[in-house]
Amino acid sequence: MSPYPPAIEMRGITKTFPGVVALDNVDFMVEKGEIHALLGENGAGKTTLMNILYGFYQRDKGEVKVYGESVNFKNPREAMTRGIFMVSQHFSLIEEFTPWENVAMIYRGSGLTINKREVIVLLTEVMSNYGIFIENLEVPIKKLSVVDKQKLEILKALICGGNILIFDEPTSVLPPQEVDALLNTIKKLNNRGKTIIYVTHKIGEVYRIANKVTVLRAGKNLGTFDITEIKPETLVELILGVDRKFEKTYENFSESNIIVQSGVASLNPEEVVLEISNLSYLDKREGRQLKIDNLVVHKGEVVGIAGLANSGQKTLVECIIGVRKADRGDIKFKNIHINKLPPHERISLGISILPEDRMTEGIYPELSIQVNASAGHHKIHPLKELKNIATSIVKEFNVKAKSLRDPIVVLSGGNIQRLLVGKTLTKKADLYILFHPTRGLDIRSTSSVHEKILSMKREGKSFIIISEDLEELAKLSDRIVVMYEGHINGTVERTEKGYDLYKIGELMTGGKIG
Amino acid sequence: MDDIFRVTFRLMRSINFINKINRHLVRRILLIIGIYIISIITSLVLTSLTLIVIDMKAPLDFFHTLYFAVLSDPIRFSNILTRTIPVWLIALGISCTLRVGFYNIGGDGQFLFGAILALGLVDLFYGLTGGVLPGPIYIIFALIGGILGGVLSIVIPLLLKVWRNSSEVLATILLNNIAFLLVELLVLVLWRDPLVVEPVSFAIPEVARLPLLVPRSSLHFGVIVPVLLTILIYFIFNKSVLGLEFLLTGVNKSAAIYDGVNIKKSMIVAALLSGGLAGLAGAIELLGVSYRLFRGLTVGFGTAGVIVAWLSKSNPLVIPAFALLFSSLFATADALQRTLQLPVGFVYTTFSMMLLVLIFMEKTFERVR
Amino acid sequence: MSNIIEQFSIVLVRTSAPMIFAAIGELITERAGILNLGCDGIILASAAIASLIVIATGNYALAFVGAIITGVILGALLAYFAIDKKANQTITGLIMNFLTYGLAIILYRLMAELSGTFIYFKVLGSVSIPILSDIPYIGKVFFNQPFTVYMALLIIPLMYFLINYTRVGLYLRAVGHSARVSDYLGINVRKIRYLATLVGTSLLGISGAHLALVEFGSFNEQMTGGIGWLGILSVILGGWKPIGVTLATLFFNGVRNLAIYLTIIIKLPSQVILMLPFIVTLIVMGFASKRFAEAPADLAVPYIKREKL
């Protein structure tokens, strides 16, 4: 036991956003000098918890203590003055500034002027001191690689006297070669006395550097463990909420006969609807990478794509649609090469998409329910029929709305979801790409959406379904492709017993099969 | 001041309360109407207050003149209608681009280019044909020239926007400047009419002029054009695929892409329509009113068009109303100048104040989604 | 011949002063992320107030101060709508042009009443800097000018220093590039934007004061000659950097002044020459996803504080 008060002590932290309980009475404690991993899926609450510690969010309930002293940070600046720094380049670097200007933003130098030389000298000192080097200090950082930006974030913290460093999913934007370097750097910082909080969803990394690990799921703290005393399998179970006993799927499930049926009928191996080969995409600035050697979807097939958030699913779909131009690769839809076609032409060949982000990519906020439900259908149906189409979608998918002419924003989240699903599924297409189709829906709606998908599948329609709900994927898919860090980490086939969800979980968190 | 806000708030809230049981749409409409009415009243009150400073009974004179200058006399009303035509047409065009999410500030420039091309083409054609063809043929030719001029003028800002994502606001303003200079060049040098003292261009031939609709007024047959086009635009917006795609593109580009809309095409068509309509306005002004090209052909019709389109929320049926409001206000200003010796600028200021109050109210009562 | 060049240079430098103030003023505002399309109108209104005060009181100093205050007040109006009400800056700017135009006409009327039919007052003369003004050519051109010209010459390096070498300048640029990151790092975005707008428009006020008190000694609604709009264009052409903006301003002004001479030499009508700067700007914009990438990323985007990003 350490003689010092804990570096960080958070007790009873509760935080709700409209409609969502992000953190539910969470306790979190980090001792001085530890490397403490905070593990959990996206949406589990890790980032929210850290944002509260950092002063970016304000907690609803609970208490935060730093080195035994009660604190209430109103903004990150206050946390920084206490020595707490978060390394997460999204929010605290200005792309158009040079490294030294970014440091100058928070470094309290002498007086009103900023002394470039002073800052650069400081930077150079810290760089040699800790062995973390950025070559060019005088170009706008948007020209630098993600690796250098991350180093800059660390250097910023060190210059300003940071001794508690929070790393938020730092390897999610790094190419594999750089991961080792980063982990070594973190160990080095820890040897120099820095307390490290390492937020991640990757179990492998946790075992490589952490002393302790705390697991969060759905806003609750499932426990803090010494790394030497817990097995990876247990961690997987805790993160995903998957019971080891769940290796089979749903024999007690009423739709089991449908599953058996769909395994036999309508799968036509001759007819390939979508074929992707050698697809690669790299955006160094955003840290997005995609590398797909091969992905095939047949007619009447449902391909599920599993993976933790930001594993490349969205990038993949954007490349298929044409919103992003892949650097290399070939995409064939119904035997037509679509690489060079603009999005609207690819879509008109027979693709229907339910986008990832409902509110920013799915709906037309000021427009009426009717327009929202029938947008996209206007390509095929005459305008006169759009009203009827909207009415039938609303009816079939149980959207509770008083009048179709009301603006769509009056609907609740669940109703909007049902509306968008209805719109997407009723479009005439051959391939349907759906992002978490039943997110936010109750059980009844969820099963009716699933039924609809399965019945369309029997009619010969093909689906790509991207979801973080493994049970949903297990129920619907003919096979599940698992994405991790921008590539396909493995494909899991359906067996008579269903899916080995544990295997999928392993692949999702970076493991390999076999 | 605070009391006014408090009363307004309570008024708004009471309206909301009454409508809690009614449909959301009704509530919204009432809110919007309420905002407009309150803005108008506020600005009229402000105007009256300012007027009182100058002269005690000035406000009464103001309203009196407003009525007489505008509504009392069919001839006067016709004249006002004449002045409404350019703003009306330009606003119709701008409502297309506004709907799609493109800010066309180049109304004046496109107007002038339209007038220039109309004049040039008509003159050329007239010369080629020896003036023997019936008038309407020349008129149609000129109108087509006008549309073409406006379209050509908006092509460059459009390309810059689509290919380079440059600001169309700045590009269209640049073209405005170029247009003004071009007019100056033509009017002072190339096309100057040596028989006239002021710098104006030669006149279009008599047969090509639009005949008067209302005798002894300035209202010409050209007024039919905006009426027809309003109906056309209404149909495009509400009953055509093109109009629907404009709307979708302007409201949410990403969602529109996923719904299969060709957003580039939508933007291009909307911009060309906009340019064409502004150019047409220029041609009509030439053919119906001025018959010649000169520096003051447009007195801010372009900017007025933007404001009218924005006020009308791009609704083609509302645009004529606001365009008329604009011209009436300026006609009143002219009349006021004669009777009360009030400077014309007064109206500009009052109107701007009203617009600012409007924005203020809109933004204060906007609900954050 | 050399006399002509000398005369020309003197006029060039003098007429550049109001343009410099317009462009630099607009630069400061835009660097913070606020687009001020009412630039020209604010200059006009300031000139009007300056003229009015001189006619009414004869006090030039007061007129000068009045012009600056006018700039600040109008700037505050724009800032309020753009920052606190998060209104559309393009439309608001255009409305302000309308407003100031009307204001100018009203003030013109007032002036006419006060001073009779002719609005005319003595123009502020040049101030000769001892010793320096004796240098051949440079002395006459740069050191024998009205004091507003000296102000303009000084403000260029001053602003360059302020923007690039002070903490305030760093924050200004930061806010223009990303208000969200700046807010995250503890900068008061609202305060910086207000400050930038007010300082910027106060410079516009000086521009107006120069036009009225130094250049024309009179007032009419066409007085600005569009320098406000040229200021906005200079900012773009100059890539939002003080030196570049100054050069762009000189380019525009140079062409304007040269137009008459060029017509004789090149035998092109003056209007064509005057069009050149605009055409050049368009061409630059054409190659310019680079140029526009230099714009403050948050230009004309109202900042809405959101908790959940």
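Per-chain residue numbering starts at 1, and chain names A, B and C are given in the order in which the chains are listed.
Everything below uses one rule, namely that contacts are C-beta pairs under 8 Å (C-beta built on N, C-alpha and C of every residue); 3 or more make two chains touch, one makes a residue touch a chain.
Small disclaimer: the values here were computed from a predicted structure and weren't measured.
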item	value
Interface with more contacting C-beta pairs, comparing A-C to A-B	A-B
Centroid-based (C-alpha) most distant chain relative to subunit C	A
Computed distance of Cα centres, subunit C from subunit B, in Å	29
Separation of mean Cα positions, subunit B and subunit A [Å, integer]	48
Residue ranges of subunit C in contact with subunit B within the complex	37, 77, 81, 85-88, 90-92, 94-99, 101-106, 108-109, 226, 229, 232-233, 236, 269, 271-272, 274-275, 278-279, 281-282, 285-286, 288-289, 292
In the complex with subunit C, residue positions of subunit A that touch it	17, 56-57, 75-78, 80, 91-97, 101, 104-106, 109, 111-114, 116
Residues of subunit B that touch subunit C when the two form their complex	103, 105, 156, 160, 164-167, 169-171, 173-175, 177-178, 181-182, 184-185, 188-189, 303, 306-307, 310, 343-353, 355-356, 359-360, 363-364
Sites on subunit B touched by subunit A in the complex	23-25, 28, 239-241, 244-245, 247-248, 251-252, 254-264, 369
Touching residues (chain side subunit C, partner subunit A) in the complex	165-168, 170-171, 173-174, 177-178, 180-182, 184-187, 297, 307-309
